[in-house]
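As structure tokens, the structure follows; a few thoughts come after it.
We just call them A, B, C, D, E, F, G, H, I and J in the order they show up, numbering each chain from 1.
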Amino acid sequence: MTKIEMTEAIIAAKITKGTSWAAIAEAGGLSEIFVTSACLGQNSLELDVAVKVTDFLGLDEKVAYALTICPMKAVDVETVSKDPLIYRFFEIAYVYGGSMKEIIHEKFGDGIMSAIDFKLDIDKEEDPKGDRVVVTMNGKFLPYKKW
Amino acid sequence: MTKIEMTEAIIAAKITKGTSWAAIAEAGGLSEIFVTSACLGQNSLELDVAVKVTDFLGLDEKVAYALTICPMKAVDVETVSKDPLIYRFFEIAYVYGGSMKEIIHEKFGDGIMSAIDFKLDIDKEEDPKGDRVVVTMNGKFLPYKKW
Amino acid sequence: MTKIEMTEAIIAAKITKGTSWAAIAEAGGLSEIFVTSACLGQNSLELDVAVKVTDFLGLDEKVAYALTICPMKAVDVETVSKDPLIYRFFEIAYVYGGSMKEIIHEKFGDGIMSAIDFKLDIDKEEDPKGDRVVVTMNGKFLPYKKW
Amino acid sequence: MTKIEMTEAIIAAKITKGTSWAAIAEAGGLSEIFVTSACLGQNSLELDVAVKVTDFLGLDEKVAYALTICPMKAVDVETVSKDPLIYRFFEIAYVYGGSMKEIIHEKFGDGIMSAIDFKLDIDKEEDPKGDRVVVTMNGKFLPYKKW
Amino acid sequence: MTKIEMTEAIIAAKITKGTSWAAIAEAGGLSEIFVTSACLGQNSLELDVAVKVTDFLGLDEKVAYALTICPMKAVDVETVSKDPLIYRFFEIAYVYGGSMKEIIHEKFGDGIMSAIDFKLDIDKEEDPKGDRVVVTMNGKFLPYKKW
Amino acid sequence: MTKIEMTEAIIAAKITKGTSWAAIAEAGGLSEIFVTSACLGQNSLELDVAVKVTDFLGLDEKVAYALTICPMKAVDVETVSKDPLIYRFFEIAYVYGGSMKEIIHEKFGDGIMSAIDFKLDIDKEEDPKGDRVVVTMNGKFLPYKKW
Amino acid sequence: MTKIEMTEAIIAAKITKGTSWAAIAEAGGLSEIFVTSACLGQNSLELDVAVKVTDFLGLDEKVAYALTICPMKAVDVETVSKDPLIYRFFEIAYVYGGSMKEIIHEKFGDGIMSAIDFKLDIDKEEDPKGDRVVVTMNGKFLPYKKW
Amino acid sequence: MTKIEMTEAIIAAKITKGTSWAAIAEAGGLSEIFVTSACLGQNSLELDVAVKVTDFLGLDEKVAYALTICPMKAVDVETVSKDPLIYRFFEIAYVYGGSMKEIIHEKFGDGIMSAIDFKLDIDKEEDPKGDRVVVTMNGKFLPYKKW
Amino acid sequence: MTKIEMTEAIIAAKITKGTSWAAIAEAGGLSEIFVTSACLGQNSLELDVAVKVTDFLGLDEKVAYALTICPMKAVDVETVSKDPLIYRFFEIAYVYGGSMKEIIHEKFGDGIMSAIDFKLDIDKEEDPKGDRVVVTMNGKFLPYKKW
Amino acid sequence: MTKIEMTEAIIAAKITKGTSWAAIAEAGGLSEIFVTSACLGQNSLELDVAVKVTDFLGLDEKVAYALTICPMKAVDVETVSKDPLIYRFFEIAYVYGGSMKEIIHEKFGDGIMSAIDFKLDIDKEEDPKGDRVVVTMNGKFLPYKKW
């Protein structure tokens, strides 16, 4: 079972069951974004978490096994996405990338924010002028090793 | 005075004065990221804010005027940055873009997070295993108009 | 049912029934461009509108359901289309993009025209020297937030 | 005098004089977008119009002459602009390009909207929920010749 | 029936019947290049012409109908073809594009040669030193509208 | 003197003298397109022809010498031009490239039209419905050698 | 039978028969490189040669016929190959392209080496320090026509 | 002195002296292509050879020293050259790359032709039907190491 | 059997058998990286090694034969991988490529490290602050031939 | 002083002084590759190390200061280098990237080798059949955080 077949099985089960990513994530005991990313074939799960997810969805062990494989990440993803929602993250990198670099160096010194020792959450901030999406990225600062 | 000359003047004054983006932003009365982005030529300032920034840095009114011009954004920026710090934001879009899309649609319906009615802050989370960079993006949810 | 299968089913039914996008849009109670874009997998419909469209076309509820899914937009679209009709819109962006930027900033200040809180209509202007295509785009002005 | 030097001279004079594209266009007797596009080096003006523009701005005849030259269009423009305002026109082509093609063929038959025998205007529609940008494109329909 | 299936059916029938594009075009009553371009899915035919073509080739009405659909042009074509015969037309645009621009502007003023109100023929010029290919392009001059 | 400096000198002299490419070509005794292409740095001239051109323009022998150098062709040219006039030749290659290939093979066998043993002329065909641009390309047929 | 199916049939027969490109080429009476290029779908053969090749391989006339069709060349080939053996030819063009241009112009005047009236052979030069690959390209010099 | 300044000095001296690459190479005691490639900044020379070249051209020791530096190769070269002479080598790689791979593997086993332990010569083969360019590449066969 | 089918068969057998690349490599008697690269279709094995691998995995001789074929390398690989693990090797080339070039030239003279007469090993260095990946590349230095 | 001016000053001083990267690195007290990368503008040095380097080279404090600035990395570097020495590292990523991914996951689990908490050394392994370049990369394994 390829990662693509795995994702198709999960999405079909999600629709049939009429459930949500929030519920699937809760079944797995991890965050919404991480569990969704694993279901979309962009991260791997430990076997026990994978089984919780597939049990919740009524899927068999082949799907659970597929969820534990380390994926070839982002291989089918556009270099610059044309989907408006996803493109906005590229636009943020274009417009604010240089500023984020300046401020991170000023606050932390020379280094980067890890995208591996990293977590990301999405929250809804209610606002009478229109609700707001709050994306919180939290990554370990990695100083450049000088050897 | 072009935006590039403006940025060069500001960075030279920042070095000479031995100050920081945090102090410049405080002088302008706005956030670190926004003021830095204006100084790097990616956003415009209102004239009164611009003057506070240039007065603080000991720069003349031509620089203040240049800060008020609406910039052609991101024109000199790489389509995919090769700088490791900035690239990580592209990597996040590659690995988590699809998951963010699923979760935003689940929480908000069909639409996007605005990158215009938008703010972005960077904080330092101290951690004995290594400090962490916290990037908070906050953008208005814009539902797709159906007409 | 994928969005591609959905579009194939709709186009096949449109041909069999010998109907038009105008009639399909009228059945759905929304504009020609918006309904067509949903049928082509570039926008989503509310369920009641989707059912009106599929009832009109004699299609079953799977197609209606597929019409309600938030699509991954523009994923199969060329970065720069080589179709002459579509390319002209790229050419307009190349030749007039800078001028539109100047005039929008002059009339509205710093910000953009939303492509999400947005509508687009196409009309025919009869002219003895050759009929003319009139494309009207109407998007909310979004001022850049300064925070 | 190159087109780039011409544009720099015009923008400098526009700032010095404290005038607007609207006023420059009115001096020239043509529309805002067309005159601006000529000043930005993307279109040519007849000599009499060019002289009205340069007289209004207090510029010499070399600038007027430069305005009459047929430009190499769009040569310094990005293939896909990263400026948010301009990018939205690419996004519209990505999301609505296929729908515009269907509707234009349905209304006019096989052919295209000319981007040469073409005019484009930008208006402001006041709206208590936020003003709206209205872009009207009007191009001659060109049927494909069958020979 | 997609345009690709249509082209496959036509080419199979052309081989079986042992006929030529010249003969197919003559059956249709239009030029070699135009009829061939329609058969290759790059142009549409009127129904009566399409029927003449499919009757000549012994194909059914589904193929004739497919020939009348407005195609999404050039979507499967390389941005720069690597086939030597087709590449030479790119090379001509590279080497002579600037010169053609100068001469067309000198002879006609500011504007372009239409590629829509356009015809193209290919002839053989016999020559004892080696026969020559003569490509004649004939397109309406479209002056840039100044509005 | 580089090819770029040579072209700048020629264009400056052409403007000062108030002459045309047609007159420059006539002075050189060759066709409009070929002489223009040499002046734009895309072809080389024999010394005697180069001298006729520079004498006519009142330019010195350095320019004549520069005209005789074999140029690095098309090095500053866009891979796909965004100028509307030049782009149409790319569009013709996209839409008609496959058809031209079929017809040339049908008329001549396996091989190509040379773009080196090649000439190209541009004529004006007067037409009450709008004058037409006629581009005639004439290149030697080169059969693929089978060895 | 497409060119791809033709190549698959030939390679399968070559393996089954346990023969070599050298033997296939000898059967066809032409050179190794040319016959191989035809079998890989990059060149066409005359019918009598094609039949010799397919008879030798025990393949039927459909394959022979497919070998005679003029191919769309290089359409499935990477713009810059990442295979190390093939990439080296790109590297040679990168490193020595400018030098080959200078020397060919010095020896022959302005013009090019044809890649159509062209042959290419590969030989093995035995050498105790390691055998050497000798690639000999032989193409007609084509002087640029001056018209 | 950069490599670019070095090349400009050499070409200026070559023109002033009225000499050829053949004579410069003979002065250096190495082949035409190699010496030319060093003069164009694509290879380095030993100091004694460099001095012979610069003495012959009447250039000073800074140029000789620059010729000994290991260059950053091909950095200013197009990914796919649009110059017709150089492009033909890309076309040869497109059309014959796969065939060369098959034949080299058949004659030598798994491995590549080195482009480093490599030499390249260009000769003129006189022919009454048109002289021919003969390019001979000679590179060491490098078998893939299996470890 | 294509290389892709071969790899699928090997991975399926590896999962079924519950074995590792290390064990497969040991069965074949070669290193982990080399045997894995052959199994992934990026290198070829001698027949006796291939049979050891397929015997170990319980696969038939078709797979062994497929392992001996010289592969078209890297043809399905992204030009710049977006997988974070693989991308880091591109990042190393971006950040340290120039420095490696300087140091290799300083230590060895003008030439390169072969990627063909080359071996690569990956080891685990245990470290209480976090284990470390050690990648050792060992390639023959190839001096540029001066001819 | 920009990073580019800094690098030019260092290279000029290195030539004048007749020293090596090895000696400069020894002066700074860090490894060859790291110090070279800082001098080439790809890493930053602590002030005390920077001063040791500039004192050794006889350069002033502006250069030392420039060495301490966090650089925008790899911004002027090609996406895929065409220099043969540097390209080989891209080739290694193409041919062995997938295998390295498999083996790192097998030895360490799901995660990556850091290119930030990372060191790289280049050694010379003497060998009678030709010296060998040994590149040792040593990066911390970063396991993917599951949150």
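Definition applied: contacts are C-beta pairs under 8 Å (C-beta built on N, C-alpha and C of every residue); 3 or more make two chains touch, one makes a residue touch a chain.
The structure presented is a predicted model; accordingly, all values stated were derived computationally and were not measured.
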**Asked** Which chains make contact with subunit D and with subunit E at once?
**Response** C, F
**Item:** subunit A to subunit D, fewest steps along touching chains
**Value:** 1
**Message:** Fitting on CA atoms only, what is the rotation between the copies subunit G and subunit J? Please report it in degrees, nearest 5.
**Reply:** 180
**Message:** Counting C-beta pairs in contact, which chain pair has more, E-G or G-H?
**Reply:** G-H
**Message:** By residue number, over half of the contact pairs should agree; on that basis which option among G-J, A-J or A-D is the same interface as D-E?
**Reply:** A-J
**Complete:** Whole-angstrom distance, CA centroid of subunit F to CA centroid of subunit G, is 32
**Request:** State, to the nearest whole Å, the distance from the C-alpha centre of subunit I to the C-alpha centre of subunit J.
**Result:** 23
**Distance from the mean Cα position of subunit F to that of subunit B, given in whole angstrom** = 48
**Message:** If I count partner chains per residue in subunit E, which residues reach a count of at least 2?
**Reply:** 43, 72-74, 77, 79-84, 91, 94-95, 98, 101, 105, 111-112, 114-118, 142
**Prompt:** Which two-chain combinations touch?
**Reply:** A-B, A-C, A-D, A-I, A-J, B-C, B-D, B-I, B-J, C-D, C-E, C-F, D-E, D-F, E-F, E-G, E-H, F-G, F-H, G-H, G-I, G-J, H-I, H-J, I-J
**Request:** Would you pull the subunit A residues touching subunit B in the complex into a rising list?
**Result:** 20-22, 32-33, 36-37, 40, 42-43, 73-74, 77, 79-81, 83-86, 88-108, 111-115, 117-118, 120, 122, 124-125, 127, 129-142
**Complete:** Within the complex, subunit B is touched by subunit J residues 72-75, 77, 79, 115-116
**Prompt:** Once bound in the complex, which stretches of subunit H touch subunit E?
**Reply:** 80, 82, 84, 87, 91, 94-95
**Request:** Enumerate the contact residues on subunit A facing subunit C in the complex.
**Result:** 78, 81-84
**Asked** What residues on subunit I touch subunit H, complex-wise?
**Response** 30-31, 34, 43-46, 49, 70, 72, 98, 101, 105, 109-112, 114, 116-119, 142-147
